[in-house]
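A, B, C and D label the chains in the order they appear, each numbered from 1.
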Amino acid sequence: VPDAIRGSIGRRLRAAVIGGGGDAQIAATHRLAMRFDDAFDIVAGVVSSDPKRAVAEGDALNIARPYPDLATMFAAEARREDRPDLVAIMTPNHAHAAGCLASLDAGYHVICDKPLANSVAEATEIVARAKSRGLLLCVTHNYSGYPMVRQMRKMVLNGAVGPVHLVQVRYAQGNLGTPVMDGAARVAALRWRLDPAMGGRSNLLLDVGTHAHQLLDFVVGSDFETLAADLGPSLPGRTFDDTVMVFGQLENGARASLTATKAATGAPQILDIEVYGDKGGLIWRQQDAQSLTHCRPGAADSRLHRGMEKLAPEVLASMRNPRPHPEGFREAFANIYSAFGASVSARLAGRPDDTAPLLWPGPDYALRSLEFVEACMKSSDTRSWVRLREFGNGG
Amino acid sequence: VPDAIRGSIGRRLRAAVIGGGGDAQIAATHRLAMRFDDAFDIVAGVVSSDPKRAVAEGDALNIARPYPDLATMFAAEARREDRPDLVAIMTPNHAHAAGCLASLDAGYHVICDKPLANSVAEATEIVARAKSRGLLLCVTHNYSGYPMVRQMRKMVLNGAVGPVHLVQVRYAQGNLGTPVMDGAARVAALRWRLDPAMGGRSNLLLDVGTHAHQLLDFVVGSDFETLAADLGPSLPGRTFDDTVMVFGQLENGARASLTATKAATGAPQILDIEVYGDKGGLIWRQQDAQSLTHCRPGAADSRLHRGMEKLAPEVLASMRNPRPHPEGFREAFANIYSAFGASVSARLAGRPDDTAPLLWPGPDYALRSLEFVEACMKSSDTRSWVRLREFGNGG
Amino acid sequence: VPDAIRGSIGRRLRAAVIGGGGDAQIAATHRLAMRFDDAFDIVAGVVSSDPKRAVAEGDALNIARPYPDLATMFAAEARREDRPDLVAIMTPNHAHAAGCLASLDAGYHVICDKPLANSVAEATEIVARAKSRGLLLCVTHNYSGYPMVRQMRKMVLNGAVGPVHLVQVRYAQGNLGTPVMDGAARVAALRWRLDPAMGGRSNLLLDVGTHAHQLLDFVVGSDFETLAADLGPSLPGRTFDDTVMVFGQLENGARASLTATKAATGAPQILDIEVYGDKGGLIWRQQDAQSLTHCRPGAADSRLHRGMEKLAPEVLASMRNPRPHPEGFREAFANIYSAFGASVSARLAGRPDDTAPLLWPGPDYALRSLEFVEACMKSSDTRSWVRLREFGNGG
Amino acid sequence: VPDAIRGSIGRRLRAAVIGGGGDAQIAATHRLAMRFDDAFDIVAGVVSSDPKRAVAEGDALNIARPYPDLATMFAAEARREDRPDLVAIMTPNHAHAAGCLASLDAGYHVICDKPLANSVAEATEIVARAKSRGLLLCVTHNYSGYPMVRQMRKMVLNGAVGPVHLVQVRYAQGNLGTPVMDGAARVAALRWRLDPAMGGRSNLLLDVGTHAHQLLDFVVGSDFETLAADLGPSLPGRTFDDTVMVFGQLENGARASLTATKAATGAPQILDIEVYGDKGGLIWRQQDAQSLTHCRPGAADSRLHRGMEKLAPEVLASMRNPRPHPEGFREAFANIYSAFGASVSARLAGRPDDTAPLLWPGPDYALRSLEFVEACMKSSDTRSWVRLREFGNGG
């Protein structure tokens, strides 16, 4: 983590979690985010709404103090010196509000998955509660965490494109491009989302519409003042929304369009934002998340990237590796470590371990690389072809 | 982490580290890789070759048992029941060999940054020692940790392109594109690398040449049999290598070219591998690391991506998120968490906290998103333009 | 030109042109299109609405029989055996209707720049006239001439993506991103467009909106049944449209969004169309015009390209070079020829010619290339480094 | 064509051609290049080495004065006032030398396909002959005709990257990636190339190696001084070259690598050049031919494109359309014209014409577009949803 933030955190914060048991995908991302900069310890949690599963699954997640329900957790932790510094909420949407209110009432700062709630009324209540108690409340609109999105906001607010007159945002996924409810296989992951009681009246809007909207709101620093929208299912016979198409005017006077869909069958994740003013434009696409294009009439496009020295301080502070290495580099590195860890564990337990040769590079690779190094030196020194000594090709 | 690996690890492994104090960049990546899947705890370490700094800097890294030197650590840990399961080495290159040998002699499995050593002789000794003691030895050639690189290897070995006849690998960075030794500012990070006593006779080859070579070796499953190379500085007056250009023949008979340079001034990190056989080709570029192109004569290119269902099992097992979300997503998520953590820490300590509005989304965003959601619903329901209620644009 | 079409044309067709004098940009493209496949001769024309300029500028364009006005041209050509086979119209928009009607009344097939007219009423009259006289009428909606757009239409109609449920089209340019009417320099090119009497009430819609619409109509084979649109200027104080944002439902039931703007300041030409059905999606972007992406849930993306053997016959018939060479190749080739032609002309006229060394490769390049060839052979034969003989570096 | 060149040509030049009968692909590109800017008329030619075919195929190509052989052509044309201004040669390689020498001896300027000859000796003779007769000689190394390649050269020579220290060039095609000589189907197009008597000892080097080399030579303004190369077949059992890999030192002291292959099975055409100096780098890739990337340490990449106002004059003079429209636009435009031409020809000849609805946009598209235009206006004016009037979906 950037030194500025890392330094300002100091000791690891103690976190309690609500939700995230079983195989909830986004909860795993929340927990990884907490580990990423070595800034949080998850010390307690209620990871399921089912009290029995909550304790067992909390154990399985290596949580020191798993609890069966919120009341028990808040009561027990209140008595400890090392009680949590904050609560992180990663339940399905419909449980966000109750979790937030209970956590705030127990005196904890809160970081909650988005949307904060399934309605403005609930959200307003939560916000008021945090304010009245003087507690911090963060919602993980994670796209505003991309360094180049932060750079884009900074540049827009600094006037790099002049007064903004046009904004276009687009979010597309293919999850609902096929008649998903017919097949049993994929239903499980979608069940709560497509149940209005849990996923909200329009899960399409709550789940991805809010991402697209917050991205616009964050980058432009201006919200819609008026809009027209077309919302609904695009597949025949479907009863839940899969697509929204919006246009309107922002408070700053700019025209804006925003589309969000889960019916882009087979498409990659597409999330693009373009902002134009009378001096130029800024374009960010999540598929090329590590760069930002600044275009100006009659001039070369300027392609900002992570290797630049003149990024805004808060952008540099958001990049863990401003050198050439792209993000994703860490995931690859972790793959090596975790696979090696699996082999070490297998060895410790006396279990067989067949996958090692593929999943982590053994010393043969290191030896062959060094032979290559010395062969290159020899060839170059002698300006001749050289023959490498024989060496098994184990991998 | 993929369930298969996660499941096979079970309890967190206890790791001791050698190296990584101060601001060593790659060491931070090693430690993050250990946290990534919640699979390792760093319980002990010697993080500097300077005994005094070793303990202080180990403390600063939240390492439970920091030691001043290897002998002390190995002696002390030997007496513990909860002694480490393995040692992770992340020192400058010249210290790898001593660290490996000492760790192996102390009976630990080892995972070591690449290159394993600065010479074949040292590496051979280390490999023999691990073998004779029956210990695991992993070298973090991290490019083989990319899911699509693993998919590429799998496909090459399965004959997807037929017998391989041509391989081209290219690695380019710009770190040494300017006369770096003249300016004081950038020298620090490069000092040990450019000192042959520490960085090796050809740090260019040891530092990035080995990456390019191992990528070829891993993907193709065949090493160079003969080669010719041109190695040296490209900038006038420079005495250390910045570029190597190699061609030759692999053991499987294929022709191959490999270039690696740090003199590609201003260039992004470029790491490409292309493998061609008589049925087709496979192309992977690190700049688009999450896809793999399979081309065949007269046919559409097939672009494999993380959303596919038919990737090799070990590839799926390497992806933490096979859904649409790209890698880098986690870093953005972590930015939100860490910034929020900084604010919580500031609040706990009574410190002011000015950066919050930019660095983590407060509840205003959540409220505005929900207003947007309800405005879209209303507009769509009424097929009319709607006006959002006024709301402050705080951020 | 594809053999099928070329063969079916036989002798060059004789064309008369209306419009295109001076430096009208799109008219130069019309004329080049006529020369491209050696299929047309421009034998007559009225290239300006000003009778005096019409004859002089027609001469300058190497048109054999330039005329001062339409009446004169049609009367004179009616008496010739080698009268034109067709009329090509490339005037500003407001003159399309009169040109079409006069040409049809004179018995000519017509190919006309888009839009066919500035109103539905005029267009309906023209269409009826062509039909009643049994004459062919083509409108140069040129995006449907891209091979991969044709392939996309073919695949959509053949069910490659299943029944279409979602379509998104986007057109963006930056021409009107700045306050253009304030500066004198750029006004000239825009004058007729921004004068409602000539460019139509909404030149934005007529000029680029129709391109976006026809692309959707052509590819999907279905038009809007209902829609909502937001049309107007995005720059403050501007009185003419620069942006339209549309959503609605197509006749086939699909949801669709379409945006077209000239206010994307500094942006490249962006023209994208995406079509999704319940089996998959097809994506075409003009910036990568020579490929077409077919995506399907859970499968690798298929990237169709010009080197494929299984493209639809009418697509292959649209590509002049189905081999690896990309389009644009021809423009580069023509640059060499035309620059050499300029030098030949200069030599013939005894004029000096300074630009040659840059603009066309002289024989020194050929000599050096051949020396390179022989040096490579020698090096490879001898597996040794070789030294090229000294040769001047003239260029 | 750029005004400067177009203006300097004046009347169309009269050209005689040698070669290009039948279905020779590159000859069609030569002829199109001559028509592109309306700068040449092909008035005479010997299009085949077979006298009988030469006249018939010349007729089929609409060449006014086709001849059976060179002697006859040069003798006959010598007697005409309107004799050619130049000769354009587009035969297989082995006939270049004889064609050039005969044309020069007959007093003509010459533009010849590359390589100028199959050996340095022949090429030297041709160059000397041109020089001694004071005639112009151009070789169509067409990659130097790309505007951005010209811009790159200009910038390199102007010091944009500082003194050049590293150059990397790569050319890859897949034509010879499969055992082509086994199948009869593809042999025809390759026969002369793979016959050393016609294609040269190493057609790989002569055909594409020279392209890669000239691109380097042109852009850098410096040739190899020393080099090492590996040349040969990559497919087992093959006797002709398909791959060359070269590294060496340029006259200016820079290190350089160059690879050229036709064994990149299934690959797209890849032609890349990268040039690095101590101030930065320039990167051009043919697959994105219309842009040029300028990278500098610590700064945003600058992406030069055709819409810029500050390109070098000779670059602007090489672009027929400096506005947003990309190259390839013209080919699409020509597709519309030629297909319409085919329909007009069919109508004139009373032939049926089934392909029209796909290949050229009929007036229905124009009508529907205008209806769309008016519907958008109405919707926007009324801020309401509108319904388009019913209209047949003919296409």
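By our rule, a residue touches a chain if its C-beta (ideal position, glycine included) is under 8 Å from a C-beta of that chain, and two chains touch if they have at least 3 such contacts.
Small disclaimer: the values here were computed from a predicted structure and weren't measured.
Within the contact network of the assembly, the step distance from subunit A to subunit D comes to 1. Note: the chain lying farthest from subunit A is D, by mean C-alpha position.
Spacing of subunit B relative to subunit C, judged by their CA centroids, is 47 angstrom. In this assembly, the C-alpha centroid of subunit A lies 19 Å from the C-alpha centroid of subunit B.
Work out the mean CA point of subunit A and of subunit C, and you get 42 Å between them.
Taken residue by residue, subunit C touches two or more other chains at 174, 228, 230, 232, 248, 268, 299, 301, 305, 307, 383-385, whereas all remaining positions touch fewer.
Across the complex, subunit A is touched by residues 228, 293-294, 298-305, 307-310, 383 of subunit D. Looking at the complex, you find that subunit B touches subunit D at residues 161-163, 165-166, 168, 170, 172, 174, 177-179, 228, 230, 232, 234-236, 243, 245, 247-248, 253-255, 257, 259, 261, 263-268, 274, 276-281, 283, 295-299, 301, 383-385.
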